[in-house]
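Chains here go by letter, A, B, C, D and E, matching the order in which they are written, and residues are numbered from 1 within each.
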């Protein structure tokens, strides 16, 4: 309840800051329209925006789930095998060092302009934070625990499964919290590169038509999706970790 | 020494994978040129690329330093004051939930098309991972330590300074490692949105002139900058943490 | 002050446990009631009185709630609730007058031994008394390890660093939770002597499992069991007693029998 | 086998410390040389012989290297280097034949007590013997806490969970590092009896600071000091001895004197 | 029914009128074609996709075609959508830039670096200036906002049928300087390109004649065709598109298949002079006229 009130207060503060920005920064509406104009545009185009939002949400969720699975497995692989580590780690950093934008034509060439190229984009953008946060935690297992497990006759795989992975779950949770925020960006970038639907498409289209209020209405919806996702992942990870550690 | 060998092996593996991708994926050079063509383009345009790279590097480094400082201070502020937390946390997530692209026109309007709008972009993109990783670690201080400090008569500020911050430095390091990879992306996006120099600009220019090999040469330099930065931050954080904890 | 009020005051003082160092300012501690964590009662109704300026040993079976009581007294039992009353004998607030050595050493891994020992001063924003810190380290036998990190210390060495850190705190009330449990007999005896000397005249509540230790150090010996708190009368001699003095040994035997009966 | 070779073999056996349970398969442990961490010598040249099937108590001042020796014997001393030789009396590798109870309890915070106790089986991919685990938990007095998380346990309760976990490991060699240090006298005596019974016939090396404990349990008592390793002859009776039997008390006194001299 | 994948140069806008009308009025279907229309956000992508065989046809720009062919991409112009330059140099009507020569010492923005600098350079040279006399900035896709907000004094790369209307809606009047009036040879703004190795001339011919029918319909029924266009998608029905439609209708190439070889020869020369290509480009490598056999 208090959290919700806080959230509400934050939202109101955000809106006020936005309005103040416009008033003080003397911003014309074609650069940044005010909250009321955007609310009007949102209301007038609610069906249109909702349709595009559903598409983007599906891309985000699929990318998030696949990225979390892939990132988690990669981190485990990296932690499990020094060979994999020396071979794959530069790849991992590389996968992030190459701006997704540069990869976009490749992805669209392979995956076409449909659903999967956006999913791939969202996946690509969250793969690194998930993998790197989880991996960092996986290699930080206290040596004493590992020693004990070895004395008990555990094979490396068992140490990983029963000890290092559970001990590293808070790290995975940090990664997922970041991922929840980045996945929407990935999907939208994917839509910017080429799409016929989705919030990213709608934003570019509105921008090209100088309908900045519509663009910001779509943006607001995107921001709301991102915030919900972030708090959802936060709550789920939090309750799982709490159940694990008390 | 072994690290370097590993890195070299990784680079060679990367080049081979690249070449294999072209051979197997049947990719024409205007989608993805091979490593040799890109190397030739790099060599032929080395002065041009170096000039733009210097600009981008300056933007990245400035953004990274400022972002690390700002992110670190924000995390401390959030951790120190419950008031700040309830007011600023939604803002923090918001700052990331809004795609930087959407903010770009605003930034360029305020900061112009020069150096500082790119720095702002790099800063904006790394602010969230730094703040959130550090903050997560700051609120995870073992309760027993905090209790002991309280018995010893420590004010909250002293607990923060002498206990919670040092205990949370590994979290800050994780955030900085991510930041090292994201800052270049921020700078390049900034250059894409509006610039007259820098690697991002050069990439756009080459793409517009259908000189894909030059575009990839600039991309490779960007990737190298990112990798160096990542390993540099990794090494610095690692040695600092090691000095702190043994 | 009227005669009546003086009498009333005297009576209140009378009802309180007498100090071992009359005239000393170290307050007594009073805690009565039921101690709960969540909805579970950890310690049934007890009335704990720790006499001001005395060295009190608290013994009792594992898990009976000794550490929980110490946490309450130190004011760090955020997860513990007391259904009852707790105060210092002089009715002034206890905050700022207590030092606590918890059951785990709580050394900060990124600080070396010397910095851990002077942590209190640094946390209070005071200048750390480096000379005294080095003296205390010397007395606990760790002068050579002043620059070592906690991770490189043995269990007993870590415990002595925690002891040194507690001795650096100049507080009238000192709570010690099994402070010598990881030490060999020789080191333990020396640390007991040291603590007894440094903390003389303060209100000390020490949890211990070692009847010999209680027999050496205790001016008061309390036994906490599931059925409640009881006093065991210690030898009349003043601590630290010789470990092989006849009355020490006799008391130690009696206490051990009581402990084994629980 | 020729007569000569048989004699030679017999002699080798002779040179080894005799077993307390002749005919038992528990191997003796031999370690000789200098123990270093980095370039610092932690334990000067020693020759440690732990007799097969015997309960050996190892005492010594804090920081002298007892835990380090145990880590070497258990094969977890990755940061420790031995300049010398180490082997089991039967010359077979020790891996898979050792159980270790380290000085800190090493409980996994996300597992409840029962799951911590059966950790070994799970780590080996075996079916955990839940019935035996519950029995052992009952014997260490924690049957009620089977579902509790380590964070909600008292220090002594945690130590008993670690003990139960070690007792669940069916290994011929058992290394115990101060296994009863956080227990009250009554619980401690019960745990000693339990361990002595469960581990009878195994090669046990127990680090302890309590001379009374060594007097109760030790079939061999070793004293490690900076100047080296020495044997103290324990009572001839077989452990666990009554804590107040005259020869126990006499030995305890003698041992204490040796410890205080160090 | 033959399947045909067509990539637009950008999101659907009035420039694509004939394609939308042909689709909506069923001209493609009547020509035995099933046309899939894809709209990308980066205009550099469609030619690549066509060259790589991912799409059959792409809407692209003549200047880009010269550069892409020079870089070895297998592309050829097969038809024309808009046969006049749309690009212009855009400034504020009431601003300090009343003439191209007024740009001296001022900031000029551009959207996509590449050919546009060459156009600007020629326009400047025509007015006695050089590129060194102005400061160039890439302003991304916010062309008109950067002019309206005064961040730059002019932008090159605006479309005269689009950005002018956009500014007018915002209540700020703009002014266009046309490249063909300032010394740049005339060229086809929007063309259809195909991969010469995979091209099926018969199918493309059918495609072009269907769009030709659409152009005729549009030019005969301007009002009605707007209704068809706006009705094809909810996002298209707005004031800007409505205004742009009116300005675009007269510009559609009446004979999409017809090739004006001269334009390609002269523009190749222009680009060679500007240093953007360094080889002769025979028309045959750039463009084909599928009707002339």
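Quick notes on this structure:
By our rule, a residue touches a chain if its C-beta (ideal position, glycine included) is under 8 Å from a C-beta of that chain, and two chains touch if they have at least 3 such contacts.
Here the structure is a predicted model, which means the values were calculated and not measured.
The two chains most heavily joined by C-beta contacts are A-B. The centroid of the Cα atoms in chain D and the matching centroid in chain E are 85 Å apart. Separation between the centroids of chain B and chain C, computed from CA atoms only, is 51 Å. Between chain A and chain E, the centres computed from C-alpha atoms are 36 Å apart.
Residue numbers of chain E whose C-beta contacts span two or more other chains: 48, 52, 142, 145, 149. For chain B, residues that reach two or more other chains under the stated contact definition are 27, 31, 105, 109, 192. Each of residues 104, 152 in chain C touches at least two other chains. Looking at which chains touch one another, you get A-B, A-D, A-E, B-C, B-E, C-D. For chain C in complex with chain D, the residues that touch the partner chain are 37, 59-63, 66-67, 103-104, 141, 152-157, 159-160, 178, 181-189, 209-211, 243, 253, 256, 259-262. Listing the residues of chain E that touch chain B in their complex gives 44, 48, 51-52, 64, 67-68, 70-73, 109, 112-115, 135-140, 142, 145-146, 149, 151, 276. Of all residues in chain A, only 6-7, 9-11, 13-14, 25, 27, 31-32, 86-87, 89-91, 93-94, 96-99, 101-102, 105-106, 109-110, 128-129, 132-133, 136, 140, 170, 174, 177-178, 181-182, 184-185, 188-189, 192, 203, 215, 219, 222-223, 226-227, 230 touch chain B in the complex they form. Only residues 10-11, 13, 38-42, 45, 48-49, 52, 54, 141-142, 144-145, 148-149, 166, 169-170, 234-235, 238, 240-241 of chain E touch chain A when the two sit together in their complex.
Looking at the complex, you find that chain A touches chain D at residues 143-145, 147-155, 158-159, 162-163, 166-167, 244-246.
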